[in-house]
Amino acid sequence: MQHTFKHKVYHVLEVARGKKNGVNWLVNILIMSIIALNTVAIILHSVRSIRREFDEVFVDFEYFSAVFFTIEYCLRLWVCTENEKYKHPIWGRLRYMTSTGGIIDLLAILPFYVSHFTSDTGLIRILRLFRVFRLFKFSRYVHALRVIEGVIKEKREELVLSLVFLIFLLLIASSVMYYLESPAQPRVFSSIPATLWWGITTITSIGYGDIYPVTILGKVFGGIIAISGIAIIALPTGILASGFAEHINIHKKEREKHRFCPHCGKELP
Amino acid sequence: MQHTFKHKVYHVLEVARGKKNGVNWLVNILIMSIIALNTVAIILHSVRSIRREFDEVFVDFEYFSAVFFTIEYCLRLWVCTENEKYKHPIWGRLRYMTSTGGIIDLLAILPFYVSHFTSDTGLIRILRLFRVFRLFKFSRYVHALRVIEGVIKEKREELVLSLVFLIFLLLIASSVMYYLESPAQPRVFSSIPATLWWGITTITSIGYGDIYPVTILGKVFGGIIAISGIAIIALPTGILASGFAEHINIHKKEREKHRFCPHCGKELP
Amino acid sequence: MQHTFKHKVYHVLEVARGKKNGVNWLVNILIMSIIALNTVAIILHSVRSIRREFDEVFVDFEYFSAVFFTIEYCLRLWVCTENEKYKHPIWGRLRYMTSTGGIIDLLAILPFYVSHFTSDTGLIRILRLFRVFRLFKFSRYVHALRVIEGVIKEKREELVLSLVFLIFLLLIASSVMYYLESPAQPRVFSSIPATLWWGITTITSIGYGDIYPVTILGKVFGGIIAISGIAIIALPTGILASGFAEHINIHKKEREKHRFCPHCGKELP
Amino acid sequence: MQHTFKHKVYHVLEVARGKKNGVNWLVNILIMSIIALNTVAIILHSVRSIRREFDEVFVDFEYFSAVFFTIEYCLRLWVCTENEKYKHPIWGRLRYMTSTGGIIDLLAILPFYVSHFTSDTGLIRILRLFRVFRLFKFSRYVHALRVIEGVIKEKREELVLSLVFLIFLLLIASSVMYYLESPAQPRVFSSIPATLWWGITTITSIGYGDIYPVTILGKVFGGIIAISGIAIIALPTGILASGFAEHINIHKKEREKHRFCPHCGKELP
């Protein structure tokens, strides 16, 4: 019956769990391999010598990938109604299309089709860039990210605050530095937006060396900002460290929740 | 009655809490928007091409902002007596003026007025810089900073000590490096204060590349300092991490506070 | 009897524990000293002036080391059957040869012998490089690494995920940056693999200054990646911090293990 | 009586604790001020323009400091017998002289006297450098360092291991990188010791930009080392974070150790 076949397809496309065997697992591996090959193709295609040598291979592989991902997308759209969340034949499918997974899958194939309707090299360039987002198709298969995701979600508020702190320090630092350094280096510290680049490379301690203060006042202020940058980097680290520690404690607590003395039977405090 | 109106104004200017609705909340959003627009204006004004194109817009917006913040400041000063802390009509208002919020609000408008009494371009430049402190007006609205503030306050002593460690290492490192490198690079390592810049860019691991040792001894010593710098950065991170972990434990303890003796059933202290 | 002598040799070659005395300990110190001297020799040999001056010393020391390590390897292979794990005279010895320690010991001497059968300077150069792996012979003697190894092993999953995160960010960041910057700097950002170098030096906050964006869009995107890089560095730090904290708690728990029910006095499980 | 006077001097020179008052506290402040002034003098003396202008002031201040610290040293040596640890008039004083504090105090004055017996500018330069160690005289007064010192001491073993890890990675990385890069950049990567400088600036993520790989293999290997460097920096941070957390828990445990139910009087588990 069609229903049974549809249900089978749904389960085959689902993320494989448990035993590493069967059609489900093989299809998973196949999709992941093609995503990985796409990643390799995108990287190698950017190297001129390789692009020239194997131009046809890249074009063929792109056609193959587009067709493969289109079939995958259509199948997913067809069978998604098997999932309780997307049960309704029309609204359910629309909801699936606007889910994170659905959007990623669409973005992975759309550029290929759009590029056939334009001859604008600038637009084709941008569409080519969008193929990078095929990497995000991987996210469906990385279960283990859940622990990290969980910790980040629980500490979201504090992490966002660290970012607010960082942006605040960045704006103040860059504005003041612009006033201190622009008279001495009018070309390098040409505006506050240009100085923001200094701010970022300093607070994140990258220091490319393309922009740095040369006046005494600028160096004194830059030094203070550099030291403040340590604290700004220490904040999210400390937050995440406590988040991971807490996560472990919660797990332990859950295991230890109901303990009783095995001899007298009374609950232990 | 006037008192009722004054009280209403006081509550409208207060930081909105709870339900996101009503005049109070709208006034909060309005003030925050104008602070944000001021931030954008300060940043864009520093870009020469934008400054030239929209010079009048910037001047008009500056006049508008100054008037707006002046009215806000006067209203806050008028109604602050509604607060128990600043009850007295004269001393209370003076106390409010010298509170952190009062000083920030005054500094946000003062440069505008002072700049009208001078034609010294240097002074006007500095007054322009002071407009950056309008960003600090935001601090009134960021409640959530309290957790981070709380952790930093509790660990203040250890964090200050980390800073003392850092300054100590900085002074020793720069003094020794000056003696090691100045004979080889008399222009770059021209004095200990100049070498302090090397010390900061090394210990914070920025490394712009404008100043670094070239002699063997200088590199050996620089390497030791660079590795010590890891510890100096690890210290505040470790302190903050334990601070956040402790903070969470305290919260848990507070929730668990009302515990009962499992034997006699009475509440435990 | 031969067996007794073989057993003695086995114990003498074993890693010394407890009292710092006896033949066992002396042989340990001797082997470690020769590994250390080899490290020093490798480093000094790369300095041209020293190499020219003391060329014969290096050659002699290399012969001596090769002979010494060969004797050590043969003895270890001979006596390894004393260990329960490698009991069988043939399969046991083969198993020992393919164990981590066995491979390291073989790699430490093999290049010396292979280099006698070739006159290809390129190959000799590579064989010379392999002598660096003599350093790994140290690993047998560093017991204390176990705590760190234990923590890393327990947190392996999360640490690998941090690495997956990092590689994912690296690929996305480099691909996008290549499309943004290659038109402005076609020589520096010549391909995505070349841009990966920018990605690594940015996310790890090294910032050599040989490759960085110059366009506005490139700087905006680069800034976002730089700030994301903080999180990527904060993740493993947080994971390791919680790992060390957990490790300590487990030890404490183990010490507290034998606890008794305060009411009936019997031991708790 | 002399004894009473000696005892008084001993207490006046001791580090002040508790109430900020009395001769003891004033003498402490005086000594600290003179150490701080010496630090300022050392820094300013290195600036040529200031040195030329105020040369006599520096000379006078150096004479004053040397005399002051000599008197302080002699007094400490005279009264140290009041301390139980250094009771014996001869051996006690010798033990005091070889204690950390005694050596620092001696090193703070010795260079001044030695410099009078030599006219070798090189030696005088080095002696001048040794005055930097006068900063260490501060260490006597920083009580609060004890918490940090305690944590570092307790985690000494793990921290030393992190350092061993770092040095091991450094040696392997630099040796391999030398073989990979020296053919392409024979001047920059001239030897393994020269490449160690690359290793340090990379693992600590400083990246001055004076030395970095340019070949593809060198960049691939350099990237791996750069990412490993994150782990190497994460290790001590994680260790210190767990150390601080543990320190706090121990304090809490001590406070909570003996708790009893206030109603039934039984000890709480």
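As written, the chain order gives the labels A, B, C and D, with residue 1 at the start of each chain.
Please note the rule applied: contacts are C-beta pairs under 8 Å (C-beta built on N, C-alpha and C of every residue); 3 or more make two chains touch, one makes a residue touch a chain.
Everything quoted here is computed from the prediction, not taken from an experiment.
Of all chains, the one whose CA centroid is most distant from that of subunit C is B. By the residue-number overlap criterion, the interface of subunit A with subunit B counts as different, with under half of its numbers used by both chains. A count of C-beta contacts for the chain pairs A-D and C-D puts C-D on top.
Rounded to whole angstrom units, the spacing between the C-alpha centres of subunit A and subunit D is 43. Note on chain placement: the centre of subunit C and the centre of subunit D lie 31 Å apart, centres being C-alpha means. For subunit B, the set of residues that touch two or more other chains comprises 193, 196, 201, 205-209, 233, 237-239, 241-242, 245, 263. Contact residues on subunit A toward subunit D in their complex (touch as defined above): 205-209, 237-238, 241, 245, 268-269. Residues 39, 42-43, 46-48, 125-126, 128-129, 132, 135, 138, 142, 144-145, 147-148, 151, 159, 163, 166, 193, 196-197, 200-201, 204-210, 232-233, 236-245, 247-248, 261-264, 266, 268 of subunit D are the ones that touch subunit B when the two sit in their complex. Partner subunit B is touched in their complex by these residues of subunit A: 157-158, 161-162, 164-165, 168, 171-172, 175-176, 178-179, 182, 190-193, 195-196, 201-202, 205-209, 212, 216, 219, 222-223, 226-227, 229-231, 233-235, 237-239, 241-242, 245-246, 266-267, 269.
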